[in-house]
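What follows is a pair of complexes built around chain A, which joins chain B in one and chain C in the other.
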Partner chain A sequence: MARTAPMGSRTQLVQQLWRDRYIYLFLLPSTALFALYTLWPIGVSIYFSMLDWSGFEQAGRFIGFANYKELANDRLFWNAFRNTVTFMVLAVPLRVGLALLLAILLNQALPFSRVFRTAIFLPVVTTAAILGVVMRFILDPTSGPVNLALLQSGILDQPVNFLGQSGVALYTAVGVWVWKWLGITLIYWLAALQTVPKDLYEAARIDGASGWQRIVYITLPLLTPFTIIITLITVVEATNVFDLMLTLTNGGPFYATEVIDIFVYRQAFASNTPRLGYASAASLFFGICVIALALLQLIILRRIRQKPAETE
Partner chain B sequence: MNSSKQVNVINRRELMAGVAAITAMAAVMGSRSAHAQEGTLAWWDHFQPLAELHERMWANYAAESGGVPVEHTVMNPSDMMQSLQLAFRSGEAPDVASIPDSLAVISQLLRAGRFASLTDAVSLDKPVQREALFDGMHIVDGEVYSFPIFSFRWHTTALWFHKQMLEEAGMDPDAGPRDWDQIAAAAQATTGNGRYGLLLPIQFTGRMEAHLDDLAQMAGGVGPIDWRTGQYTFAGDQYVEALEFLLSFQENGTLHPASSSLDARQGRVRWAAGEAAMFTDGPWNSGSLASNMPDVIDGIGVVTNPMRSAGSTMQVGPAAGTFWVTEQSQMREQASELLAMMTTDEYYVALAERMDQPPLDLSAVERADVHETYRTIVREYPETVRLAPEPLIRNPDIAQVYAQMRTVSPGLGEIIQGAFAGAVPDIRATLQEYQDAMTAERDRAISVARENGAQVSVDDWIFENWEQGTDFAPDQYS
Partner chain C sequence: MSIRRSRPLGRRLSVVLAVLGLTALCALWIYPFLWLVSASFKGPLEMFQKGLNLMPDAFDWGNYTRAWQDGGFSTYMLNTFLVTSGTVILVIFHCSLSGYVLGRYEFIGRKTVIGVLAATFVIPLGFTIIPIVDLSRNLGLLNSHAGIILALGGSGQAAAILLYAGFFSRIPKEVEEAAIVDGAGFLRIFFSIMLPLAGPVTATVAVLSFLAAWNSFLVPLVFTFGNPNLRTLAVGMLAFVGTNETDWSGMAAAATLSLVPVVTFFFLVQKYFVEGVAGAIKS
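Up next is the complex of A and B:
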């Protein structure tokens, strides 16, 4: 019996596999692509991160965790890390919050709401790299319309070098990024708002609830599941700003807007002596941090969601 | 009826097979177009201004018996190195490539066996050509691997100005400002009514680094390395003063405010459009203006060596090879024949007429049909640009040190950018820090190279017989 049981289960497994063969067959292409374009690069990056390699030689020299040790003491890496985190901390709440506010407004039967929705969504379909170049003209200190408007309206008496001052450039980049992607978050929220039952608002209105109370006690609680996923998506997107940042500021001035993506690119390709191994280590380390952050965010938000249920 | 139905209707299986076949065909065609066609020579470079000249030459070559067509790809310098990295590894390297990078990267590639030597089709027997070739840089084990098509006698920091603006400010538009005080006065006099005295391409850190190196030498400095001691000089007075001088334009409001977010190309366009009176750029500015803004160029003047103190010279190392035949090439002979076309007197004249970097034979500029600004600027180079020593020539093992040397960040260009952005409060201390970091990095690279068997030391950077203001002749290496 002891010998026949595994044999039996093996036969069962084979039979089950054969029975479900079409499922596996149809899963095969996506699994192969996932392995090829996601798992394989991750695996290779882990290996590369342990090499001293410029990319010009056929193979690098294995140096173990030396790249990671060097990263720990690289102040420009930590500067890029700090810039990325600052960017995320500022940009995510701004984009998610502003989009929610606009979604609530545009969800009402207001005149021209479709026009506004289209106008806000338009930058989303524009290429980020092109947008970066265009914004340099728009924010130009001498001939840019933003500075001209601020000067002519008397708000400022001196032009602001939005992209050329180290204390201002990162905040400017945050503003440009939020503006560019606001439309897509707005669409998420508008979709989420359609799931809130209209009769709840109706009942609240009959009970004498004000507009603000309806938002606070009906809309926001019912949007909590969407908040989790929209915030998570936005956090991940806020760590991938390479194209916009490269064309907008190229990481400057003096590393003020150098985010991790630009740091990795500089180490791997734009340096006098390219360092593919070091760049891989930096990108892996940061990738792990983002995964940890996403998990932490999920845990916290789940706890928040569970609390009312527990108290009930 | 039935038979016609069978002919016209495509079932699902046939549709899938058709889609698969089309996809496979597209993949095959795509992979072919990514690399040169069979019998075609692939040539990658970063010389957009020379593309027309070269493509005309190659078309003639292709029409000759035994000639092959050339598939030419012009790239941005930064994209070029990235593409070459991937191409070398994947066996997709072009037959010929330019290397828009430092001597460190070139020697690293040479050492890694990425290049092939030229065949006998290339003959470099003119004095100006023989003088430009050095062991370790262009020649390895007696075989020539590459040669420069450009002279080493040029620098990046000429002062270009709108003659009319200077004239309106009461200055001599033909002479132009020729020292620090005159430039500062010209900047003050031309600033106003939405116009600024000077525009600098501060976002292009590599260019700003070159400008500071040049300005420090015009002020009497010896260059980034003092060859008598082998030590870096970035914390020297000339560097500090040159940077403070540049910063003074920002402090007194005569620097175009957009400078910090402009690179050289964008800066050139805005300066040429009249937003600023003066702009710093290399000799290629003539070519760029002539081809892109022909209406502007006749109103432009140039000072080759602004801020030059009496007797000061630029110390510039030997020019590296311009084009390299890759070891993956199956067309070495044809590639060498094409390169041989770049060694003739006619080629040097044609090259001068592109008004880019000056040709290897500077005398070709006098014979060429070029704009007066280009002739003016190149005419002064023989007097003011001197050949500096190169440690790699005396000791080929230095290539291993170069290969190990990592980029020190922040570099000189970033420090300049930081100073303009207000992020570098103490210039001298920051430059000292940079100098110390460069010294430490070189020491580390020497130490690693020695561990790998290289016979090198910091003494390889010392040339006691070097004299500032003179060319370091080949016989001085021994």
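Up next is the complex of A and C:
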């Protein structure tokens, strides 16, 4: 650090602040934007969630915790909550696990591994909202190529309504989401695998360990901290599937794929009688759940990092 | 990988199997894009008659003119370019400034700033969209590109700030001591020495924020309810299929148009992107 000065009296403090004026000037744009677009929204959400408020143009009326009481008994809210949890429980292990499997394969210096990596990565860079729309056509029950292929090859004799059938649509959304984002998790895993020392593998090979044993006894234990970080990132991303879900299913059919994001959006923006206070309450409640989940994972991560230090 | 010269047959066989499996998987992965491009050249009837055949009879550019002119995608494209470049510039501007002082100077309040930044790392934009719209409306920024740019570039940039801070903290002290001896002030040191040195970080931040802004949906969606002329490609796409439900080849052309710039961009700067993402997870 370039500047440190002893502090003591008030004038010294003022002098130091004045001397550092360029530092604060440089900090100003980020701080102002952060205050406006992150801190203020988080703080004011708490107040908004206690309003009966039917549109940005109107004034809200303070109603205390009534929104939360209503949420507790709102079957559609709990349906959305359940859908989000189901989505997460299915999609996160699938994405993290499949990406790890692929990363271990691609880390073997196979021919064309760069081409494979790029192909898997392609959906990641493309717009989720546009892919959602495109997938509606690709999965169309009558003329979509997926159903055509399944029918023509004789695998099915009836087309599957992937997005229009309430028992199927959420699973389809999980599949599309994993397809879209697998590539980024793959890059994470490949970066993590680079940290495993090569000579460990050599030593194990000399000791006669098979490829499978090397993965189970060397790679996986060394990857544990990465596993937690990658899972944490993926869990947070799985709570934020608005773009894909709105364009793919719009929460339908009959709320079967309505996740929290869509529930909030519908209450706040897509209804003839917007309920901004109610939507704020739902969004705040769910935001706290996500943060609690993230904190829990961070605590576990810290525990695991401390353990090897204690045993050494 | 293998040190032994002559690989056993089993190993060679497993390599062939792995390559075949991966080829099949990748074919499946990029199939939607192949289908999309193929459909964008097919005639409206051909679309439904030819089934799975990806090769169009003739390259029908009519779908593209329809999407570009009647569908409004020329406007959406321009809007997306404006919003994206504005966001990239805003992000680089404020994150390089704050990252510089956070990474290089000790001052009163530094720890608080870093703590607050790190604490809000996981809060997704979706949870704060209502206050952001309310704030933007009060500031007169709703239904404007400036409002979208500020909302996109002003929220969730902790990662970019910390990326800059990390880079600047590693530059040796001698660099700026030499400059001070030469009589350079705070601003000169930053603009003519430090910022140019940070070129690779700027490239990574630019690439990541370009992709994030180009692909953003929720903010441009709720900011353009009142003025369809301001829609970006992602928002325009939803509106297009809403009004032209049966125009599959028009939809495909519009989607291809929307995806070509971002995919091209990605292939041009792939290196920075993969490095940035991989660097983030390692630290």
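By definition in this document, the second predicted complex is superposed on the first by the 263 of 312 C-alpha atoms of A that agree within 3 Å, B and C clash if a C-alpha of one lies under 4 Å from a C-alpha of the other, contacts with A are read in each partner's own complex, and residues count from 1 in each chain.
The working rule: a contact is a pair of C-beta atoms (placed from the backbone, for glycine too) under 8 Å apart; a residue touches a chain by one contact, two chains touch by 3 or more.
Predicted model only: the values in this text are computed from it and were never measured.
Contact with neither chain B nor chain C is seen for A:A66 once the two complexes are overlaid on the shared chain.
Set against each other, chain B and chain C differ in how many residues of chain A they touch, and the higher count belongs to C.
In the superposition on chain A, contact is made by A:S271 with chain B only, not with chain C. Applying the stated contact rule after C-alpha superposition, one finds that A:S54 touches chain B and leaves chain C untouched. Of the two partner chains, chain B is the only one touched by A:P253; chain C is not.
Contacts of A:L163 after superposition on the shared chain: chain B is touched, whereas chain C is not. When the shared chain is aligned, no partner comes close enough to touch A:C289: not chain B, not chain C. In the superposition on chain A, no contact is made by A:L220 with either chain B or chain C. Once chain A of one complex is fitted onto chain A of the other, the partner contacts of A:L193 are absent, as it touches neither chain B nor chain C. Once the two complexes are overlaid on the shared chain, A:L76 sits against chain B while remaining clear of chain C. Common to the chain B-facing and chain C-facing surfaces of chain A are residues 56, 136, 143, 269, 276. On chain A, the positions that touch chain B within their shared complex are 54-58, 76, 136, 140-143, 159, 161, 163-167, 249-250, 252-256, 269-276.
Every residue of chain B that touches chain A in the complex is listed here, in rising order: 78, 81-82, 84-85, 88-89, 101-102, 104-105, 108-109, 112, 114, 194, 196, 202-203, 205, 256-261, 275, 403, 405-407, 409-410, 414-415, 417-418, 420-424. Taken in their complex, chain A has these residues touching chain C: 1-4, 13, 16-17, 20, 22-24, 26-27, 29-31, 33-34, 36-42, 44-45, 48, 56, 102, 105-106, 108-112, 115-116, 118-120, 122-123, 125-131, 133-138, 143, 145, 148-149, 152, 179, 184, 187-188, 190-192, 194-195, 226, 229-230, 236, 239-240, 242-243, 246-247, 261, 264-265, 268-269, 276, 279-280, 283-284, 286-287, 290-291, 294.
Contacts from chain C toward chain A in the complex involve residues 1, 15, 18-19, 22-23, 25-26, 29-33, 35-36, 39, 47-48, 51-52, 93-95, 97-98, 100-102, 104-108, 113, 116-117, 120, 122-135, 137, 150-151, 153-157, 161, 173, 176, 186-187, 190, 211, 214-215, 217-218, 222, 225, 233-235, 237-238, 241, 248, 251-252, 255, 258-259, 262-263, 266, 270, 273-274, 277-279, 281-282.
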